[in-house]
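Each of the two complexes below includes chain A, the first together with chain B, the second together with chain C.
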Partner chain A sequence: MYKVLPKTDLPKLIGRWMEQATVYAPVRQGDFTKFEPLSDPAQADLYYAANTRYPPKSLFLPQSEVMFRVKDGEFESTEDEVSSRVILGIHSCDTRALQLLDGVFLTGDYQDPYWAKKREQTTLVVLGCADPCETCFCTSVGSGPFDKRGADVMLIDIGDEYVADVRNEKGQALFGHLPDASRKQIDKSRQVQAAAAAGMKKPFETEGIKDKLYSLFDSDFWPKIQQSCLGCGACTFLCPTCYCFDIVDEAQRNERVRNWDTCMFRIYSQEASGHNPRPTNTERVRQRIMHKYAYFVELYDEIGCTGCGRCVRYCPVDLDIRQIIRSAQAWEES
Partner chain B sequence: MNQLTFAIRQEAARILEENVVDVVIGFEVGTLPLKAQPAFITRKEEAEKLVYNGFCQNNLAAYLTRRPKEERIGIICRGCESRAVRALVIEHQHDRDKLYLIGVPCTGIIDWRKIEREVGENTLQAVEEGDEVIVTTRDGEHRFQRVDVLHDSCKRCLHPNPVGADIVLGDPLPEGDPERAWAPVLEFEALPPEERYAYFVQEAERCIRCYACREACPMCYCTECFVDHTTPRWAESMITPSGTQAWHIIRAFHQTGRCVSCGACERACPMDIKMTYLVDKLSYDMVQQYGFEVGASDEEQPPFAAFTLDDRNRFVR
Partner chain C sequence: MHNPYKPIPMRIARTVVETDDQSLKSFELVFEREADREKFFAKYRPGQFCQLSIFGKGEAPFGVASAAWEGDFVRFTINKIGVFTRAIHKMKSGDAISMRGPLGNGFPIEDWKGSNILIIGGGYAFTTLFALAQHLLAPEIRSQYNDLTVIYGAREPGLFLYKEEIETWYKRDDINLYQAIDRPVEGWSHFVGYVPTVTKEIAPSAENTVSFVCGPPVMIKFTLPVLDELGFPPERIYTSLEKRMKCGIGKCGRCNVGHKYICKDGPVFTFAELRELPADL
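Take a look at the complex of A and B:
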């Protein structure tokens, strides 16, 4: 179902949502934007074309999340602390990432109640990317700037209006009262979508990447490409699909918390005995790349990277994952 | 190709061919127009990959403690890198005899954030032309005066010339002006305490504890950083104001008399956090109170690492 919303009416609509739910949108902070709960609809900055610096995965898997508290010797749940939310202006890559992470947190033998609760309580109003950045590569990893998978509503910017592709009941609740889009507006939204995807470069081919990486497991490829890597966590912390965490008892706070962790850190795989199965940066870099482009493919039949480009833009040494995949594909053992 | 790039390639090829070193650490063209990539050249034919320009934003000395101990390393050294090498040698982290320093007087690193703040995030091409930086984006060409887009640390650089290099390529540059270098420290110091604290809180609160600042720093080489130590735990593991503030304060203190003021920490930060203002104050105190500057000598230990009988503050009784 296609609805239409004049851009000038958006603040009013956000205000209406704010009566029922907490609304998150990109909010400008200095030189970049970050998803924040709005206190005023005017705070939402949807015209900032690039992805938010901090990934919106943090709204589902916060960097530090209290799992429970102990108060006066008694267990205290934190589960009810999430209420109804709308996330406005999330891009397709980040939405796709949430879908991929559903595979991790909601399928198989383990269901993560913290993730599940937040997913249930959230409506995703996705803003398609009419103008993808130079560092974006969503079309190379099986997605695109207007990928609708995972969206409750997809907004398409056609100039003075948004065409809203309302995908389900959750979306209907937010947009159902608006007028239907005209044939002409829908056609225009299709043109915008096609043009955006067509304008994107394709930095690498993913065909056969899983098997190629498996074949390189013990290769000299990894010692070579890891040389410039500093072993910081910028790429993984900004990554919308990296989900590793570490559970810590913060005794002074009487809290059990889980914090983002990263395979790029030495202590991530350090065992209590002192032994480390990934003793050097070579094994750690290999892990990061293979998790996304081989192990994840094996487990979920999807590439565990959505092409948002954050790791490309913010790597302190410009160690570019696009270049790594391209080099891996081209690598021949000597 | 600029003259320095040409000279660096020649020298790198020579020392590889004559078996002076096993590897040359320099820069090559990156995938992003405003950033060069660190490069590790082991064969003389590959020396052609090396480039040198204002987009070379890392402190290459950070790699020295990551390389195999037995390796003989040739390294491109600007002023800050050469001072880091001296500091690392003094701290017994590297054997000077295994290093070959290719010195390059440095006119400063271009801060990609300053450029993107003006032109947006879609840079297609960037070149230096004399005192100008010419950036091409989707909407056309933008020209900047180099001096306007230098990284802040480079603007206040005191020593652009390499120290203790085995060879210096390019002409020496005038030394920096101490008054200009220390002005930001004095200005910050003059603010009321609550304003200084507010600034510190505002910067530290964006921290995501990725430790890019630590890893980019040539002087942060501890096998186990205090934040990674769990028994006992020195800093809260959570992203709380106290945890991140503790990180920023202790990191700064550990740099006292060791920081080479290269600004690599700030350039590495994915959250644009300002942090050099903390260590710059400590460096200023080192100069004022101990007359010590990192890299000025190739044997003097940092004051906080040394003890002598004529130590001025004899608090040990």
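Take a look at the complex of A and C:
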């Protein structure tokens, strides 16, 4: 179902949602944008270039999250402490990331109740990217700037209006009362989508990448490509599909919390015996790349990278994952 | 929705100092709630582990070192090496503690009914192997398997675990026990030598036999070729891996080797399975 929303009416619509839910949208903070709960609809900045620096995965897997409050040895879980939320203006790549992580958190013998509850309570109003930026490569990893998978509503900017592709009941609840889009507006939205995807470059081919990486496991490829890496972990903390976490007790606050963690740190895999299976940056960079482009593919038949470009943009030494994959594909063992 | 991170309340019923150097202690934990006990034993099989937690000291994974028939308790044998393990070593019977589990796959022992069972252990990695041997010694279970052989090595006599129980194995005719220490010690009447050498000497038949091997990396490294020589294919050699873990349920990403998560896909693997994985150990 296609609805139409004049851009000038957006603040009013947000205000309406705010009566019943917490609404998150990109908000400008200096040179960057970050998803924040809105206190005023005017704070929403939907024209943010590229992606927010801080990934919206934090709204589902916070950088630090209380799992339990502990009283007299009883662990009281906090997963129900989340109410209705709307995330407005999240891009397709970050929405894809949530879907990929659903595979981790919601499938198998155990489900993660913290993730599940937040997913359940959230409506995603996705904003398609009419103007993908230089570091984006979603079309290379099986997605695109208007990928609708995972969206409850997809907004397409056609100039003075948004065409809203309402995809399910959750979306219906937010947009159902708006007028239907005209045939002309829908056609316009299709042109916008096609043009955006067509304009994107493909930095590498993913055909055969999993097997290629497995074949390079013990190769000189890894020592070579990791040389400039500082092991700072920025690439993993900002990555929307990186989800590793640590569980620690904050005894003074009587809380058991989970915090983002990263395979880029030495201590991450340090074992009790003193043995460390990933003692240097070489093994750690290999783990990061292989998790996304080999192991994830093996497990879920999907590349575990959405092409959001954050690791490319924010790596302090410009280690570029596109370049790494391209080099891997071209690498010939000497 | 069930919260798999939520620990259940347990109580320490008994503690046993296992080794002469006091570094290993066993803790027998009992359930505070009957429903938890039932749930645990409905799922438990030897080779599985639990996450124990002491609030403020965190959580840590430990293999279960008891068989279900031994009683309504769950035994863990713990080496004192860090924050959590030091804290639990200070605890006494009657103290409260929290637990999650059983976790992991455990030894697929039911797949091997009618076979001979060979258990090879070294050092304190013997914990879950002890649970396996104990499990097999239950009368109604013992009859479902053929010969049961245990080779168990330690640096010196004082470092063997479960000394009392193991002593009773010598008196039984349904288990062949071979204990070995590294160097001769006065009064020691069993084997002397490293586990691989002793295994070679004893030369258990590979015919219709499945083996379970746990121990320090060097023991594993030198035992594998011996088993290979004896004719054990890698599909019939199981081991248990110890990776650093956090969640224990395949969510936190910590313990992967290739696309496998040791906590949920393991910790028990055959060497044939391990060969398929990237060498990220």
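Here, the second predicted complex is superposed on the first by the 330 of 334 C-alpha atoms of A that agree within 3 Å, B and C clash if a C-alpha of one lies under 4 Å from a C-alpha of the other, contacts with A are read in each partner's own complex, and residues count from 1 in each chain.
The rule we apply is simple: a contact is a pair of C-beta atoms (placed from the backbone, for glycine too) under 8 Å apart; a residue touches a chain by one contact, two chains touch by 3 or more.
It should be emphasised that the depicted structure is a prediction, and the values quoted were computed from it without experimental measurement.
Undergrad: Quick check on the superposition: with chain A as the shared anchor, is it clash or fit for chain B versus chain C?
TA: fit
Undergrad: Applying the document's definition of touch, where does A:Val248 land relative to chain B and chain C: first, second, both, or neither?
TA: Touch status of A:Val248: both partners.
Undergrad: Have a look at where A:Glu79 lands relative to chain B and chain C in the superposition and call it first, second, both or neither.
TA: Only chain C; A:Glu79 stays clear of chain B.
Undergrad: Considering only touches as defined above, state whether A:Arg278 meets chain B (first), chain C (second), both or neither.
TA: Second partner only, chain C.
Undergrad: Quick one: is A:Trp331 in contact with chain B, with chain C, with both, or with neither? Answer first, second, both or neither.
TA: neither
Undergrad: When the shared chain A is used to line up the two structures, what angle, as a multiple of 10 degrees, is there at the CA centre of chain A toward chain B and chain C?
TA: Computed from the C-alpha centres, it is 90 degrees.
Undergrad: Determine, under the contact definition given at the top, whether A:Phe105 touches first (chain B), second (chain C), both, or neither.
TA: The answer is second: A:Phe105 touches chain C but not chain B.
Undergrad: One more residue to check, A:His291. First (chain B), second (chain C), both or neither?
TA: In the superposition, A:His291 touches chain C alone.
Undergrad: How many Å separate the nearest C-alpha atoms of chain B and chain C in the overlaid structures?
TA: 7
Undergrad: Residue by residue on chain A, keep only those touching chain B in one complex and chain C in the other, then list them.
TA: The answer is residues 246, 248 of chain A.
Undergrad: Could you please specify the touching residues of chain A with respect to chain C in the complex?
TA: 67-68, 70, 73-75, 77, 79, 104-105, 108-113, 116-117, 214, 217-218, 243-249, 251, 254, 256, 258, 261, 263, 268-273, 275, 277-278, 283, 287, 290-291, 294-296, 298-299
Undergrad: Quick check on the complex: what are the chain C residues that touch chain A?
TA: Chain C residues touching chain A: 1-7, 9, 55-59, 79, 81-82, 96, 98, 216-217, 242-244, 246-247, 249-254, 256-259, 264, 278-281.
Undergrad: Under the definition above, what is the set of chain B residues touching chain A in their complex?
TA: 30-32, 35-40, 58, 62-63, 66, 113, 116-117, 120-124, 206, 208-212, 214-216, 228, 236-240, 267-268, 270-272
Undergrad: Chain B touches which residues of chain A in the complex?
TA: 29-32, 49-50, 53-54, 63-64, 133-135, 227-228, 230-234, 236-238, 246, 248, 250, 257, 259, 262, 265-267, 281, 312-314, 316-320, 322-323
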